[in-house]
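Chain nomenclature is as follows: A, B, C and D, assigned in order of appearance, with residue numbering initiated at 1 for each chain independently.
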Amino acid sequence: MTTQTRPAPPWQVDRWFNTSDAITLESLRGKVVVLEAFQMLCPGCVSHGLPQAARVHATFPDDQVAVIGLHTVFEHHDAMTPVSLQAFLREYRIGFPVGVDRPGTHGPIPQTMQAYAMRGTPTLTLIDAQGRIRHQHFGQVSDLVLGAQIAALVHEAQAGPRADGEQSRTVAGESCGPEGCALPA
Amino acid sequence: MTTQTRPAPPWQVDRWFNTSDAITLESLRGKVVVLEAFQMLCPGCVSHGLPQAARVHATFPDDQVAVIGLHTVFEHHDAMTPVSLQAFLREYRIGFPVGVDRPGTHGPIPQTMQAYAMRGTPTLTLIDAQGRIRHQHFGQVSDLVLGAQIAALVHEAQAGPRADGEQSRTVAGESCGPEGCALPA
Amino acid sequence: MTTQTRPAPPWQVDRWFNTSDAITLESLRGKVVVLEAFQMLCPGCVSHGLPQAARVHATFPDDQVAVIGLHTVFEHHDAMTPVSLQAFLREYRIGFPVGVDRPGTHGPIPQTMQAYAMRGTPTLTLIDAQGRIRHQHFGQVSDLVLGAQIAALVHEAQAGPRADGEQSRTVAGESCGPEGCALPA
Amino acid sequence: MTTQTRPAPPWQVDRWFNTSDAITLESLRGKVVVLEAFQMLCPGCVSHGLPQAARVHATFPDDQVAVIGLHTVFEHHDAMTPVSLQAFLREYRIGFPVGVDRPGTHGPIPQTMQAYAMRGTPTLTLIDAQGRIRHQHFGQVSDLVLGAQIAALVHEAQAGPRADGEQSRTVAGESCGPEGCALPA
């Protein structure tokens, strides 16, 4: 956990699913944003991260909370192409918008994932209504904690601006485990 | 769900467990109170209600949120005596304070349960820092929703008073089912 | 695990539930018997042992496999009386016959539990069609293993007698934990 | 469920994973064979079918029971190529041999899937030690039932040959649901 609050970097996305238009962070200003970074072949993403994002999507009003998926492939790139992702989203009935993170130019880690300093998948990033990163969870976070963090940001958005924040990080696993897939150290 | 907000009635408790002193609502003023009404032989209380209350107790700081159990026996009174309850609390490792609701004078429903107009067990009642009932869930409520409701009341308590509220009710089951035990209609 | 096979001791039961007549091991000769020893306030019995016994009861034909519960109270005797047990069986919808193990004369451990050398609850004992103890599991045993053991005994009963057996024991927990409640060492 | 017993058709497999040599049914004669047909993007296969096959693999001795996966892609063929399957098997830590069913010549259904008259994925087929289909489960089958069926076939293999069998079928779902993916009717 760090106490730093910083502007959320823009999303480098080449292709979107489940939306007719590209989505920018700016277009979501005024809403709390739940950004779920995942890989379709990451077991922890399939069993925990994505179902949780879907629950958030079903629980909170669309005009207050936006749930956005980000496909951040950092391994097995040939196995997780947009064609495979499209079938995956359909079979798993993922209904919220999902962007494909742009491949990195100097290594396996895609650009948005790197800009957000994510450590693996799944990573859930909470962005406030002013576009600032407020919480970041790698691995699992409980629904109680997540519900409370979202509500606090929604409440804050309705009450007015805030000066500083805090950034939490869940302890990382190692490589791909039941919790998720970690970037190489 | 109703939009009514009303003062939480006082607790009619003859005996307390897991606390050296009797607890009153007044003594908790300034904190958000999670009141978990249960019966020790109610399957839905054992599988869902009490574990959720324990998660709330473990997640939120004690100086902001108080978790209180209330043993509201409305059936099988001979089977759920304080002696049995004490063993139950020990075996299930319930660590938060639990009060025994005072038996009703005109029927099987105990007094606090009746004053709160509960419809069965488990019932989770959220009381704000000013001692008003704000939400009431009979049966199951998701951790996401509960976390958000608690956080909103905590935020409100820190920001100052509020004029009105809303009261929600989860749809009732019938008799004792996996969800919980309903009062006779 | 031991390789010993021995005659299953008779059941010392004062009171039966879910059956109009007392049940003896002799009356079940020819059937495989699944004896589920439990305490109503043992968390591992409620979450694992009894639901598994109910699944066995629902899965195998009554004329091949008999499922019998045995309430073996070795702690909190005042909290788990027959009156409480009766309400418990009703609320948890336990449909198979359940006997109350006769209290011990020299200590807290009831007589049948002692005769079977059980180490705590839940303990599942598999008795073959000839009335011999063949497997004994303290704590959890997987449905795959249990299904296979039952089927092997059923098959054997249909094929004819067998000379010797094996007795397995699941590793014990300590005191009451999520797995079950162990007898004092 | 049907009472028919028939020889299990040979496997039409172009490529194997988790084994250095191709595997034929003949080479497994004398063992009970658990054939788990799945698609890597079938949610019911990932959540239920494959974990169950892994439990069988971990529970029964290799010299008595062989667990074999079969990747039977009948939809989204471009999304579930061998390259994707290889990454999937690695990330999900599937340790038993998996063959890729040969594409059909007259439609989307691969050849082995068609020869076995499977109705969708996951389908678990139990083949006895003499190479005959004895049970076939589409969708979910409980561990208790599966454990019993495997044990009965193992017992039979050790006791000697048998004349006829039975074939059961679990009721089908429709399209891809939490249970599995059904073939078009």
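The criterion applied here is as follows: contacts are C-beta pairs under 8 Å (C-beta built on N, C-alpha and C of every residue); 3 or more make two chains touch, one makes a residue touch a chain.
Because the structure is a prediction, the values reported are computed rather than measured.
Common neighbours of chain A and chain D under the contact definition above are absent.
For the pair chain A and chain B, the distance between C-alpha centroids works out to 35 Å. Averaging C-alpha coordinates per chain places the centre of chain A 49 Å away from that of chain C. Of all residues in chain A, none touches 2 or more other chains. Taken as a graph of touching chains, this assembly forms a single closed ring in which every chain touches exactly two others. Remark: the chains found to touch one another pair up as A-B, A-D, B-C, C-D. On chain C, the positions that touch chain B within their shared complex are 41-43, 46-47, 75-76, 78-80, 83-84, 86-88, 90-92, 176, 181. Residues 55-56, 59-60, 142-152, 154-156, 159 of chain B are the ones touching chain A in the complex.
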